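Each structure below is given as structure tokens.
Common to both upcoming complexes is chain A, partnered first by chain B, then by chain C.
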Partner chain A sequence: MLRQLGKRLIASVIVLIAISIFSFALVRLDGADPARMLAGELASDQEVEDMRVRMGLDKPVVQQYLTYMNNVLHGDLGYSWAFSMPVSELFAIRIPQTLRISVLGILWACVFSIILGVIAGIHQGSGVDFFAMFFAVVGQSMSTVWLGFMLILIFAVKLGWLPVQGVQGARSLIMPCLCVGFGTAAHQTRLMRSGMVDVLREDYVTATRARGISRNKTYFKYALKNALLPIVTNIGGQIGRLVSGAVVVENIFNLPGMGQALITGINQRDYQLVQSFLLFTAALLVVCNMLADIVYTIIDPRITFN
Partner chain B sequence: MKLSTVLRRMRKNRLFMIGFCLLLILILLCSSAKLWIHWNPEVGSLRERLIPPDYFTDGLQGHPFGTDALGRDVLSRLFVGGRISLRIAVIVTVISMALGALVGMVSAFYGGIIDMVLMRICDILAALPQMLMALTIIAFLGNSMGVLIFTLTVSGWVGTARLVRSAVLAMKNKEFISASRVLGASDWRIIWKELFPNTLTQLLIDASGHLGGTILVETNLSYLGLGIAPPTPTWGNMIADGRTYLSSCPWIVVFPGIALALTVLGFNFLGDGIRDVFDPKNTD
Partner chain C sequence: MKTLTRRDFLKVAGLSTAAISAMALAACGGKGETGTPSTSEPSGNKPATAPVSDGTTQSVTMEQAAAKEETWTEADADKTVVYHMGSTAHTLQKWTATGGDFLGSQMYCVYDGPIWVNPENFEYENYLATDYQLSDDYLTCDVTIRDDVYFTNGVHMTAHDLWWAMENLRASEYYPDGIVKAWRPYLDSIEETGEYSIRIKFTKPMPAFVANFGASLQIMPVETIESMGWDAYWQCPVGSGPYTYDEVDLTNSKVTLKLREDENGYWGYRKTGYYTNVKYLTFENSPEETTRIASLKTGEVDIIDNVPTSELGNLSGIDSISVNVLPSANQVFLQLACGAGDAFENKDLCRALNYAIDRELLVSSLMDGFAVPSTCGAQPGYYGYEDAPKYEYNLDKAKEFLQKANYDGREFRLVYTLSTVSNGNEVAQALQMMWQEAGINVKLEPLDVSLYDAARDARDFDIVLANIGASAPYQRLTYPEVIGNDKFNTGYQNEELRGLCQELQITVSPEKQTELLGRIFEIEADECQPNLYLYAPQKIFACQKNVTNILNHNATVLDCHAIVVND
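Up next, the complex of A and B:
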């Protein structure tokens, strides 16, 4: 297992290097001149040139890349010109906000989908089952943007229960969390239901019941554990969905998190912020996928790593 | 499987038929829109700004779904925009499926160094969420239809390639492949005539999910100002445009959202239906 893990690590490093080159090259393909944008429309050519030197954009591209990577490895993610602070400092301020809605979002999604999926799986064909399938299908067909707008329209505008946007205590987090977790909840309800249905057909469940073990113990001690497997593998993939969701949701509800910083960075041609954001996200996904694989081998002894 | 069996199962499968009919109606309405709409979807009249829906009391002469902030008819924009959204989704999906199937089959069939290189490329492209990748590419290359299709395809084919690869790996050593090799079939013949037809069902299921997913990503990109540029309508930028008038004129957002959800729902149903129809365990 350690050997396989080592191989995966090397592959991950290659992926991250490729992403760093990709994001570095991408932000430089753009026609706009960031020195000109930052110096302002009224700046003289000399001032723009000075700005270029200060931003390090006068050096050859390869040298810029090597300097950037060297800095990244020393924990320096560059300087955000749009926010006038080091990128790592900006991330430190912004990450808690994004983490809050992402973690709460995935938490409600998991709890809700597992409970709903299990009940639906046990009581196939019942009203709960119908509701679960309806929720799963409709939830996966809705656009995050539209869902956000509808939540605002219903709960903030019509009913006036929740604040429209911004950060005003815990109540302002309800709609963003609902929005971030909705797609995941729908997807996992479906996985959980079909997982439960499949497991309950297995011989060992019948055998357990035949030995006189109670219905509830069979369901929750034996069946649930196995039905949970697809959800665990799925969590790794859901992180990516969560990051994209956070970018959109933070912009809908005007929350000062990472996603909003990215869009500001893109609009203001903040090279270092955008490339560091991409690298950071890729690293996060790589680590999460690896963790999901390891957890999977631990809880399912039939599967070996890789 | 015989064609008659497939058709019979399709007719009997409720999910498939609902999805199929839903999409057929939407596609017919969208593709014929230019023939029957009464208003220009891109040019409005400022005297007719933000008119509430009249729900067909005036037929097509009125504004059945109201007008938007620039006085453009929402119904006309809905169906013309739907045509564009659907066209983007279909082009992206077809290219992604073709590329994904080719890479997946070649990768699994030849194995070794080819497999390793192709799969590492997949790893790299899948290292960022599709929306994030598309977002940054469009931001720095400009938002034309071509760039949008390109960016959604770049990372779109990876999932398909992995799916096809694992399907081919599972059947590569089966007897029927060895049999055609013994009969002297070339590599390409085996890939095209033996492997490809056997992955077709999975490709179709994947494609229906992909079509819905692409439409959803397009909405998110439009909302962030990185979709198709106005005044060309798409469902995504119609929803995005309605943001400012959400509380006073919700119809601008509500109708395109419903159309979008119905379309994605149709594709999801169709995918589930295809899965059931071609399921080998299905014995009618």
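Up next, the complex of A and C:
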């Protein structure tokens, strides 16, 4: 397994290098001039040129990339021109906020969807099953922006139960987390339900019941484990969606996380901030997928790491 | 568990959908107010006679304030106000920030300027200055400031501090030319002529001198900066205004000011008679306007700005909220590529574009009346407006000019960005349809701000939908800069107009400025180049009704230094 893990690590590094090149090129493709933007609309050509030199944009693109990657490997993610601070410092301030709502969002989504999906799968055709399917369809088709504003209007403006925005203790996280995890919860409910329905039709489940093993033990010890596999796969892939969802949600609820910073960075062509964020997200995705693969082998010993 | 039939499911789903829809509709403004805002009338169709606000920006009268003078002390202030706005800043340096309103509002609370615009009558008045004298040739100005002013850290303000603030603008390693363009080319020398007086020598007459001599100058205690160092000072700067920085979180664009508590107190309250009962004043960026409005409704926030006109009906139906309109300080306009070989080199084509635009309709339908249609290059009440020929909407004339121009049906590119014209999509689409009616084909190209700037720099456009600040002090400079120097790269060539603009740049006399602007507008209106002005949008802010005494100095920025929260 260690050997396979080593292979996966090498593959991951290659993926990350490819992503670093891609993100480096992507932010530069639109032809905008960040030096002009930073120097201001009224700046003279000479001032813009000076700014370009200060930003290191006067150098050949390949050299810029190699310098950036060399710095990244030494723990330096570059300097954010938009925020006037090192990117790593900005990450240290902003990422905890983004992770908080992303992790809490995926947590409630997992717990809720597994419980609802299992009950719906066991009681196929029941009211709970219909509710689960209804939730899955509505939840997946609902826009995060619309949901966010609806939550604000209902729970903050009309009912006055929760604060509209900002970081004001645990209560202020409820709506953003609901919003971030809603789509994931809906998707996973559907997966969990169909997984459970499929597994319960397997012969080994019938055999287990025939051997006199209790219904609950059959469902939760034998069936659930197998039904969880698609969920595990899905969670690994959902990280990217959660982070992108957090970008929108942070703006709606005015939470000072990476999402807000990223939008500022994109608008101001803050190359190093955007590149580093893309790289960070890609690394997160790679790690999560690898963890999902490891969890597979634990849940289902028939599956090997390779 | 009971098994449900498909019919049952449909019932459940239908009921759930209905419930969700009902909640959503209720949340979207259950009262269903669609009436006209009651708090302030749009002034779009009511040209002002002077550059004053048509809105209902509240301000306490001097009599009211004076009545409080006998008993008021800073210790009485115990209220908190939270102001959410749609702009950010990542530094407290006015000259290097792109902070816009975020820093602009703080300037009035933390710093004082030698001159201010009286919020009661919008006249320029001495503030820190006790006197200023411009020489007859407008090349020298002697300024004397008050002798009883202390910075919030206890340092006594002298002429040296004012000298230093200006010297920095004249020749400093701190600010690039582009940033202090309104100052640097004009400043020849600044010398201290006494403990409280300085003499400023100009390289050429500076028409906007008085207007620029306001709170945005950021007069700082020199000895503090010298002892702390430039960068350290800007972590928590001090001024002579009524508030000090209490908490600064620029990464998140959040700043809390605290009412000064030093023994010297704020000199300005004694001068103006204004007072405040607000101890803490928080400015915070809140990017989503819907979120800002929701926060105001729940009372989490006391003041919000940039309220969309579509929300006014809803907001004005709420008893606890007041909606206010600030005077127009911007112009939304079209910039045409009209250099040799450009799409609009032909003046008749430009005239056709112009006659096909129904500006009144734009204002009434897209701005809900909260804008002033631009019937010429100036806004009502400003220099040159009265005598300028007015734009006209005439579809027949548009078609006539189109024929004269031998228009071959080619498609023009209109570029715009939502960063400068927030309802740019709607405006651009409306223009496209108006032009289509006249037979002009236009393709819309929405761009993000950096690409928009790049397109403008490279003259990679036929038409640009743009927005320019044209507040009272700057409007006189806008024309020399934008038209005379072709700042936005339209390629426009007209030596007469250029000469007039250059003359305007160094003209101080209001009569002469009016005359020059009149001539400039005449040429522009005749040629319809290089710009076609559309409308001047009004800025709308809303606050809790118990928050009063928000001052306005005929600008889009609010002055909260004397804000009052009533019980």
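Everything that follows uses one rule, which is that the second predicted complex is superposed on the first by the 293 of 306 C-alpha atoms of A that agree within 3 Å, B and C clash if a C-alpha of one lies under 4 Å from a C-alpha of the other, contacts with A are read in each partner's own complex, and residues count from 1 in each chain.
As a convention for this text, a contact is a pair of C-beta atoms (placed from the backbone, for glycine too) under 8 Å apart; a residue touches a chain by one contact, two chains touch by 3 or more.
Just so we're clear, the structure is a prediction, and the values are computed from it rather than from any experiment.
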Room on chain A for both chain B and chain C (clash or fit): clash
Contacts of A:Val157 with chain B and chain C, given as first, second, both or neither: both
Which of chain B and chain C A:Arg241 touches, first, second, both or neither: first
Which of chain B and chain C A:Ile252 touches, first, second, both or neither: both
Which of chain B and chain C A:Leu2 touches, first, second, both or neither: neither
Touching partner for A:Phe149 - first (chain B), second (chain C), both, neither: both
First, second, both or neither for A:Asp30, with chain B first and chain C second: both
Partner chain in contact with A:Leu285 - chain B first, chain C second, else both or neither: first
Partner chain in contact with A:Ala210 - chain B first, chain C second, else both or neither: neither
Chain C-contacting residues of chain A that also contact chain B: 30-31, 138, 149-150, 152-153, 157, 251-252, 263, 267
Touching residues on chain A, where the partner in the complex is chain C: 30-34, 36-37, 39-44, 47, 50, 82-85, 90, 93-94, 123, 125-131, 134, 138, 149-150, 152-154, 156-158, 160, 163-166, 251-254, 256, 260, 263-264, 267-269
Residues of chain C touching chain A in the complex: 1-4, 8-9, 12-13, 16, 20, 23-24, 26-28, 30, 84, 88, 90-91, 98, 176-179, 181, 251-252, 254, 284-288, 290-291, 294-295, 297-298, 300, 419, 448-451, 453-454, 457, 487
Sites on chain B touched by chain A in the complex: 120, 123-124, 127-132, 135-137, 139-142, 212, 216, 219-220, 222-224, 236, 239-240, 242-243, 246-247, 250, 253-254, 256-257, 260-262, 264-265, 268-269
Contact footprint of chain B on chain A as seen in their complex: 11, 14-16, 18-19, 22-23, 26-27, 29-31, 137-138, 140-146, 149-150, 152-153, 157, 240-241, 243-244, 247-248, 251-252, 262-263, 266-267, 274, 278, 281-282, 285-286
